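Which chain is which? They are A, B, C and D, in the order written, and residues in each are numbered from 1.
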Amino acid sequence: MINLRTDLALEASEIYKRYNTDMPAGVEMTTETKDGILITTVEVKDGEASQLLNKPVGKYITLEGKIIKELNPETTENLSYMLKDYINELTDLKDGDTVLVVGLGNWNITPDALGPQVVEGTMVTKHLIEYIPEHIDDNLRPVCAISPGVLGITGVESSDIVKGIARKINPALIIAVDALASGVPGRISTTIQLTNTGITPGSGVGNAREGLNQDTLGVPVIAIGVPTVVNALSIGVDSATKILDILLKNSEENSELSEKIKHYKNDDGTISGLLADEEKELIVTPKEIDNLISHIAKVISNGINLALHRDIGLEYIESFTF
Amino acid sequence: MINLRTDLALEASEIYKRYNTDMPAGVEMTTETKDGILITTVEVKDGEASQLLNKPVGKYITLEGKIIKELNPETTENLSYMLKDYINELTDLKDGDTVLVVGLGNWNITPDALGPQVVEGTMVTKHLIEYIPEHIDDNLRPVCAISPGVLGITGVESSDIVKGIARKINPALIIAVDALASGVPGRISTTIQLTNTGITPGSGVGNAREGLNQDTLGVPVIAIGVPTVVNALSIGVDSATKILDILLKNSEENSELSEKIKHYKNDDGTISGLLADEEKELIVTPKEIDNLISHIAKVISNGINLALHRDIGLEYIESFTF
Amino acid sequence: MINLRTDLALEASEIYKRYNTDMPAGVEMTTETKDGILITTVEVKDGEASQLLNKPVGKYITLEGKIIKELNPETTENLSYMLKDYINELTDLKDGDTVLVVGLGNWNITPDALGPQVVEGTMVTKHLIEYIPEHIDDNLRPVCAISPGVLGITGVESSDIVKGIARKINPALIIAVDALASGVPGRISTTIQLTNTGITPGSGVGNAREGLNQDTLGVPVIAIGVPTVVNALSIGVDSATKILDILLKNSEENSELSEKIKHYKNDDGTISGLLADEEKELIVTPKEIDNLISHIAKVISNGINLALHRDIGLEYIESFTF
Amino acid sequence: MINLRTDLALEASEIYKRYNTDMPAGVEMTTETKDGILITTVEVKDGEASQLLNKPVGKYITLEGKIIKELNPETTENLSYMLKDYINELTDLKDGDTVLVVGLGNWNITPDALGPQVVEGTMVTKHLIEYIPEHIDDNLRPVCAISPGVLGITGVESSDIVKGIARKINPALIIAVDALASGVPGRISTTIQLTNTGITPGSGVGNAREGLNQDTLGVPVIAIGVPTVVNALSIGVDSATKILDILLKNSEENSELSEKIKHYKNDDGTISGLLADEEKELIVTPKEIDNLISHIAKVISNGINLALHRDIGLEYIESFTF
């Protein structure tokens, strides 16, 4: 099986299904559609399912729809409130609990800058509640936010930076936001995944080596991510497989020809070898990725702000964060 | 023949050779190697050759080498002086002639920002020579530089902006710098093309609709470009063709199988249809494209500065442009 | 009289009044207050008045108020619609007339970046109406927008760049936006001036040497500006004058002391010599000037967009310009 | 005594001298000139001296010179090596000791962005030495670098962030870089202060509330700073004092007039009241502050890199950090 990196549990399930007839018993999947958005919930319930899908035990909620990247004002608003609801579904905060928002990724590389951009849109309130409580509305919760950078910038694992800070401020919840990799070009900036499993080793374009999750940090960690790139390898594998499928459809069943084609279709080594190693590392993005990232970062920071503070609207957020 | 867009005359020649045994009579090609850089000169000498390669009549000099993107200080210096020499080879300036440097492309989209970044590194001297000649060294020539933006930003064709400005300042030469598209991933930021044909309609990621060349501007136009992206389509076509080649090599000659494969290999419609239309428009770049662009923009502005002003070195440029 | 540079006609009037008892006959001034904003209209009606105030003949509308820099969402909205009304008052456009928006100033220097930031928020439509009219609403007018940079960046006078472009696209109106200098710190980002006199030589921090006005461009030019800096000289002169006033108030009338103080108060050479020449050139801004500029640039681009296109609202602008 | 904020020990000494005849016994001050740079070393030796100058006990080295802001390549090089020497004078590192470079200040506010810009130019090596030691030269020391942001951005004290990270990586030395405030306009970007006392509460435009020093962090802390702003108050006080001095010089000694002037000169309340409270908070900078900050940040990061790694030169740094 070609190791097409994906950070989406939904996609891991799809890939699994391609090679197997049934989903593992420990995986539960439900879908619904709301306001033009397809919402898929994947629950990985036990260790066996976790190993088969290569995703930690927990809940994964995926919002999908082309309208996510069109982002007219109405969709932006709907999506922001949907995110609010799903963040609330995954968390269990009490009034006054402190939350730390972490924006993972490299701010210098456009498709990896989602996390840092969400941090910029996050309403940071902890210092205001501490130093000038008399000027701060009661409905606001203490929130702090940090972009720890990446190993190549700081020389320190981002997980170490987050751990160090978490120890100083003792949050009740961490929300980590990161750009994701997908195997499907169409998912770039049209898909948002929320999960209560945190960030796991090796995933994300940020290349986090150690996880950010309840095990490593001692507090619940919600992760929110959006696919912003596809590896060139995915494109190559996809095209090669498709041309073989076309040949196969035009061949006599069980003929020598069809057997040969089937052989190559399953010969992962050959197929993934079509691209040179350095070509595999190339990233595929839409030309207008800068705009798409700003857009979707705004939606996510809106959703986080709405979920964390009581009774505020988008206009309040606008005037607070400008 | 699949329309794999390329802005490189060298690559247009390569593609032509794939489908034909001999190059057109009106094309002359020479190569040499210097300091680890392969230099190919393509001269398109007549209208027939121009039509066959889809490149205007003129001279194209291409510098290629992996060390271009490594850019250690020594290579940077060597390349800067090479560019100086080749710019001088393509131009014929007299002392005191005014030169206009034009940085084409969209500064908001990283792989398209090469031109604007070169403009930032260009030594702009025209106003100094006009207003404070007593403070300016005699060896400097009047140079001005502008990034006209792209149609989507200004609402105006960049060629119209350049024409309007050129009419006001009457330069003796225009040097236009632009990011190019290539069909070969390995050429991204390892290749620099210089040509005396200017920029031609439809080429460049900037999507210039009308050309910038001696015909449209009334002065000689040198164009300098670097491939910064490859279309996803190139990757897909490449992989599909390669897997068919592998199948072919493993088939009996002249068998039904080998004929079918050959049919599909030449069926451009099917092969270019493997990717959905919106997928074809995706761009493929290295992850670290931001750094690569800054790097190579520096080399090009160095080369331009060295070529335009007499007896200056890299240190002088550094202190002038900071 | 100390040459405290001001680009505001209102302030020129105030300074005139400090030294004279009556305003010139050819100056008409009216004020009104709306939504917490003080609106002063100064009309300079003849050449004599123009010379005395050092401002070209024409109409100057100034909006003032501390709430301009607070910029909560409601004020932003009110101000945007006010600007729309005053722009319309100064212009006389027919359906389909093309408008060119010009953002003067240096984008690399925060307090001078107002114009370029307004250009970024301007709805650019000319190319869409030309190339894809079937996808464009009928109520939109052809608008293009450009930031010509400053002499130090391009080597070319920004007026020459604007002239060159204007000649190519033949607009019916030019709207030029620029950061202004004021002599009163409290006016920084709390004041917006609109005028139908265009931009005049020597004014603006952009240091435009030649004017942008109906005389030089052949079409009406509306200028919109906001004070973003005060010269250090203003602070020094202000403090020195105030301490002399305090001394004077505490001196016996007509005493030797009071005469001496009066002498120094009117000794412009001494007072403006309190700061060294290089200190006079220092600029004074609020610490948070980055935010203030973004804010007010948004308000101005909103006002321009609302004025130029029929029947659009702020939400429409938001979805168009993102 | 008017509270003119200064972060320079040298300036604190100058202010002290204005009001007192002798320096405190516990202050030792020496000066020398090298390559056009005036180097002043102030040692605050005991608690009494510390209280009188309002600066912690320790050593302060100040480099001053107009050529610092001219920054031709030769000066840049000289200064970089000078900084190397003085950093080494203040530290005592063993081979292989880890160093953490901290860039204090707000990257969104130009005059406060010195620290973050120095971090960008710092050679970060810790991760390379850990993960790919075989590719790393032996002469490099493990260095990591972080810009913790400011309270208004993260909601967390920057000192808390630094403490959290320091606890995880256990550096042998911390180098903190920050923009400073001065009372003398001429010192802006012409002065560099190095000290072994770290950063103390209330100083710096970053408004750090808690110190970064050996007491709070448990490791030696070197602080490097450059004045980038002067408060408008300094300009006002300066001008008012100067005009009073002129009046005084032109008055008869011991006359009623001269007594009155002397009274006001020492009436700090009146003098500092000449500016409104909000005007006092305005900052005064050169117009080209963006360039000055980039320049001097480069010099400081050069000095730090040279001091921390054995046997490297500026060209090596250039190729490493690009």
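Assume a contact is a pair of C-beta atoms (placed from the backbone, for glycine too) under 8 Å apart; a residue touches a chain by one contact, two chains touch by 3 or more.
Note that the structure is a prediction, hence the values are computed from the model and not measured.
By number of C-beta pairs in contact, B-C leads when A-C and B-C are compared.
With respect to subunit D, maximal separation of chain centres occurs for B (centres as means of Cα atoms). Between subunit A and subunit C the centroid-to-centroid distance comes to 45 Å (mean Cα coordinates, whole Å). Rounded to a whole number, the gap between the C-alpha centres of subunit A and subunit B is 36 angstrom.
Work out the mean CA point of subunit B and of subunit C, and you get 42 Å between them. Multi-chain contact residues of subunit B, defined as those touching 2 or more other chains: none present. Chain contacts in this assembly form a complete graph, since each chain touches every other chain. Interface residues of subunit C facing subunit A in the complex, by the touch rule stated above, are 71-73, 291, 294-295, 315, 318-319, 322. By the touch criterion given at the top, residues 108-110, 112, 185-186, 205, 230, 232, 235-240, 242-244, 246-247, 250-251, 256-257, 260-261, 264, 270-271, 274-276, 278-279, 281-290 of subunit A touch subunit B in their complex. Of all residues in subunit B, only 124-128, 142-146, 149, 151-157, 160-161, 163-169 touch subunit C in the complex they form.
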